[in-house]
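Have a look at the structure that comes next, please.
All chains are identified by letter, namely A, B, C and D, in their written order; residue positions are counted from 1 within each chain.
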Amino acid sequence: MWLRTCCDLAFDIGVPTPFVLMLRPRSGAQQWVAREEYRLTPYVPVHEFTDGFGNLCQRFVAPPGRFSVHTAAEVKTADSIDRAPGAPFVEIQQLPDDVLGYLLPSRYCESDRFGAMATEIVAGAAPGYDQVATIENWLRNSIRFLPGSSDQPLSASEVEARGFGVCRDLAHLGIALCRGISIPARLVVGYLHGLEPMDLHAWFEAYVGGRWYAFDATRSELHAGYVSTGYGRDAADVAIYTQFGPPVYPVLQKVEVRRGAAPQETTSNGS
Amino acid sequence: MWLRTCCDLAFDIGVPTPFVLMLRPRSGAQQWVAREEYRLTPYVPVHEFTDGFGNLCQRFVAPPGRFSVHTAAEVKTADSIDRAPGAPFVEIQQLPDDVLGYLLPSRYCESDRFGAMATEIVAGAAPGYDQVATIENWLRNSIRFLPGSSDQPLSASEVEARGFGVCRDLAHLGIALCRGISIPARLVVGYLHGLEPMDLHAWFEAYVGGRWYAFDATRSELHAGYVSTGYGRDAADVAIYTQFGPPVYPVLQKVEVRRGAAPQETTSNGS
Amino acid sequence: MWLRTCCDLAFDIGVPTPFVLMLRPRSGAQQWVAREEYRLTPYVPVHEFTDGFGNLCQRFVAPPGRFSVHTAAEVKTADSIDRAPGAPFVEIQQLPDDVLGYLLPSRYCESDRFGAMATEIVAGAAPGYDQVATIENWLRNSIRFLPGSSDQPLSASEVEARGFGVCRDLAHLGIALCRGISIPARLVVGYLHGLEPMDLHAWFEAYVGGRWYAFDATRSELHAGYVSTGYGRDAADVAIYTQFGPPVYPVLQKVEVRRGAAPQETTSNGS
Amino acid sequence: MWLRTCCDLAFDIGVPTPFVLMLRPRSGAQQWVAREEYRLTPYVPVHEFTDGFGNLCQRFVAPPGRFSVHTAAEVKTADSIDRAPGAPFVEIQQLPDDVLGYLLPSRYCESDRFGAMATEIVAGAAPGYDQVATIENWLRNSIRFLPGSSDQPLSASEVEARGFGVCRDLAHLGIALCRGISIPARLVVGYLHGLEPMDLHAWFEAYVGGRWYAFDATRSELHAGYVSTGYGRDAADVAIYTQFGPPVYPVLQKVEVRRGAAPQETTSNGS
């Protein structure tokens, strides 16, 4: 399935403001970025680096005035989301070194306080994928998905107390529950085709059966159409933009995901 | 100043238990590890790796029964702690890529909620080192240092609400306040000569004037005698031991820091 | 200056053949990638990773038959190449850890055998930038730039003995000479506007005065128009494609670099 | 098997000389460092870092005069070296990202020129471990092991032309041959109990059957008694010391490897 994603951000900047952006999808086994466009207006010098999670991050200082960011991509994504009922729990001692960190509590996923609750939720499920699927299902039934219900990230504890939340909130609680039973889990930020209302999206992945699998408690069922742009332990690591100094809020945040743009059609104006 | 540090831990293990230890001091500009001893009893195969913060971590599975860890070191440390009143704030865009992460909120340092409070505390102080020194002093006067007052890590918000805490608690609040005014800050775990009662210690470092400087609100004044064993964003990253599965508590945790052990004296039995 | 770069490769594959490609320019202080296009025909699953030099690498297995790679980019590059006559030599102990490796000899830059020769060439030049400029100039006068004179990479010793070479050959010898006097140097591969005959290009960078500067002995003078796609110690690290198994040679390798493609013009069909 | 290793180096330094040392064994699945001693005389500030191969490196500037380095360790090593006849060749596309680099040619292993020769040598051997064992055996029969025959590292081509060499030379040729048939290979530097004459030792490892296995063409058969201190692509990466500026040669290099030092005996003076 080919998808065209597009994200436009605009800010009214008062004083020179350092930014870090994390908006670039990367090619991986489940998605291929065939075209990408990235435009800052006005143009400013940018330093790009790869963070500890493998994300491509852009650092720059936005000058006073209207500052806009345009990013678009044409991405081939998997036609169906990989699922693996029965995939086993990976013993801690078998986890790759760089997966270990996804077992630790983090800013918005206080997994150190969710062990008992997680154990109760997954009672009876086979260790591994089925436990995570049970957690995902528990989230669907217990935490109401309410787009627009919060601007700032909430922690798993806050989400659990509140009983409703945005996509990121459900993912944070899911992650905290997974880690609570020693299953590595991470936040994914990106796009989802068909999302209503359209916006950037967040879901989570759990490491079972020797690899990462996607879970999304905001959907009744997982369909294809996901494009990942960033990975991290939680929203603190993987904000689409991190801004320093006096807070600046976007005056525009427009997201589009459309099907199409077969690669052949782009040949003539591509080179 | 030469110091001999020693830490003994013992656990009664019920089921095979995966551990990650982080107890090895590393040589750096301010300390030199001349001798080191590390013993697990019984002996088990160990895999060592360097984590994302530069810490040497040991992974292994402890077998059922009494399991003990003995680690000792002879370390040359600086005769006085570096201080730099007046060292300037480093503009975000000048920070090294790998320091940026220390500006983000983390599990026990919810810096995203401490901006206003930090700004109020440092009012009037010169941006940079002096702001951190003001925060350190505010901690001394506002949060009572009460060794033994908590077993589990508390977050900066919890510490602030409570008004007292262990060394780690004061450090967490200090870190959250620094990050709240865009100064990178990290937790340091290690040893302190002369600590009463003797135990492992925690303090924090802030990045100002182009390098990291140590701060410790549990002391009325900073004297030499620190040996660092680990660095991280907060206690979630830099636990001396992380254990997975059913909780296991140490039946023994003995820490010693003595002066002495000049390097010449160790020659004869060293080889 | 806006440049549109384009590189088309095609191979006739006999047996499934693993490839690693390194063709993606990255945004940095001196270039900004506003649009990028990347197409494999037929489409195959790709795994992308960042190598130890910061390059984005794509791994995949090309199936039997005609296999083609199309990559294009619109890049804003600096209007003039930074130069810094007089920039000082950086003392070894002041070099960043990750620059140290660029002092070591490597496959095609046997710098361990060029100390005496380099010392002689730079006699009288001020330590640092001026030494490298002297080496660059010596290369211009001593090694004839002969496009098409070799297919396989040659080492610095071979180039010096031969007295002529392609762009990569001159760069290898320049790097070996720089390292011979303890100046870190690395190979850069990419595009150069106006190159005749048009092809991919290679030049080198030296670390003096606290940063990397570009040098290119194939030009009588450095003009703007460079787009970097990869960095490494020499051509072994930074091949545009590395292929494993029975050798496969491109049946097509077409490179284009054109001026233009102002970012405004791309807006309408960009989203 | 418990081993006590010891290495003493001494230099007569004329001008302040930057050094990088790589002499610290690390704990891994096959060895455990129970005690370690490290002494520089006179004492100088040291910066330690982990290089791209996982080695612990120490940077410092040696002052004029006699400068000595003493390092000793008590290490538990495996009682027998792992062997795996029949272990299969790992397809390139299955290799971990960080193993890929060990397929590339490097300073002293011009594997790009050993494909035909390697193919001929391993003719008939099962792909994987058996091919490497065949190469190891070919080295035993074709290249005479002659301790002390060279001071400077030689490349695989030079070794092959010469027909004899030190341990490092045989390893370089073995590595080039392995890479020539797309088997990742790396140099290991360390200690070997029972070596005559005693000195630091070098051997190589090949990645087959999903992990690294040791090979050593200088022994007629592999016995236990190896302690690794460093890994790299070849001797350029993994010199026990790298020194910059006017060459300085050790006036003393003394190596000892003894059996013994059971961990219990060290308890009383260890803490």
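Annotations for the structure displayed:
By definition in this document, contacts are C-beta pairs under 8 Å (C-beta built on N, C-alpha and C of every residue); 3 or more make two chains touch, one makes a residue touch a chain.
The structure presented is a predicted model; accordingly, all values stated were derived computationally and were not measured.
Common neighbours of chain B and chain D under the contact rule above are absent.
With centres computed as the average of Cα coordinates, no chain lies farther from chain A than D. The interface in C-D, A-C or B-D that matches A-B, meaning over half of the contact pairs are the same by residue number, belongs to C-D. Note on chain placement: the centre of chain C and the centre of chain D lie 31 Å apart, centres being C-alpha means. Centre-to-centre, using mean CA coordinates, chain A is 34 Å away from chain C. Centre-to-centre spacing of chain B and chain C amounts to 43 Å, using the average Cα coordinate of each chain.
The residues of chain B that reach two or more other chains are 49, listed in rising order. Interface note: chains touch in the pairs A-B, A-C, B-D, C-D.
Within the complex formed with chain C, the chain A residues making contact are 4, 6, 8, 26-29, 32-41, 43, 45-50, 54, 58, 70, 72, 76, 256, 263, 266-267, 269-271. Per the touch definition, chain D reaches chain C in the complex via residues 18, 20, 49, 51-52, 59-61, 91-93, 97, 100-101, 103-107, 110, 112, 152-153, 182, 236-237, 242, 244-245.
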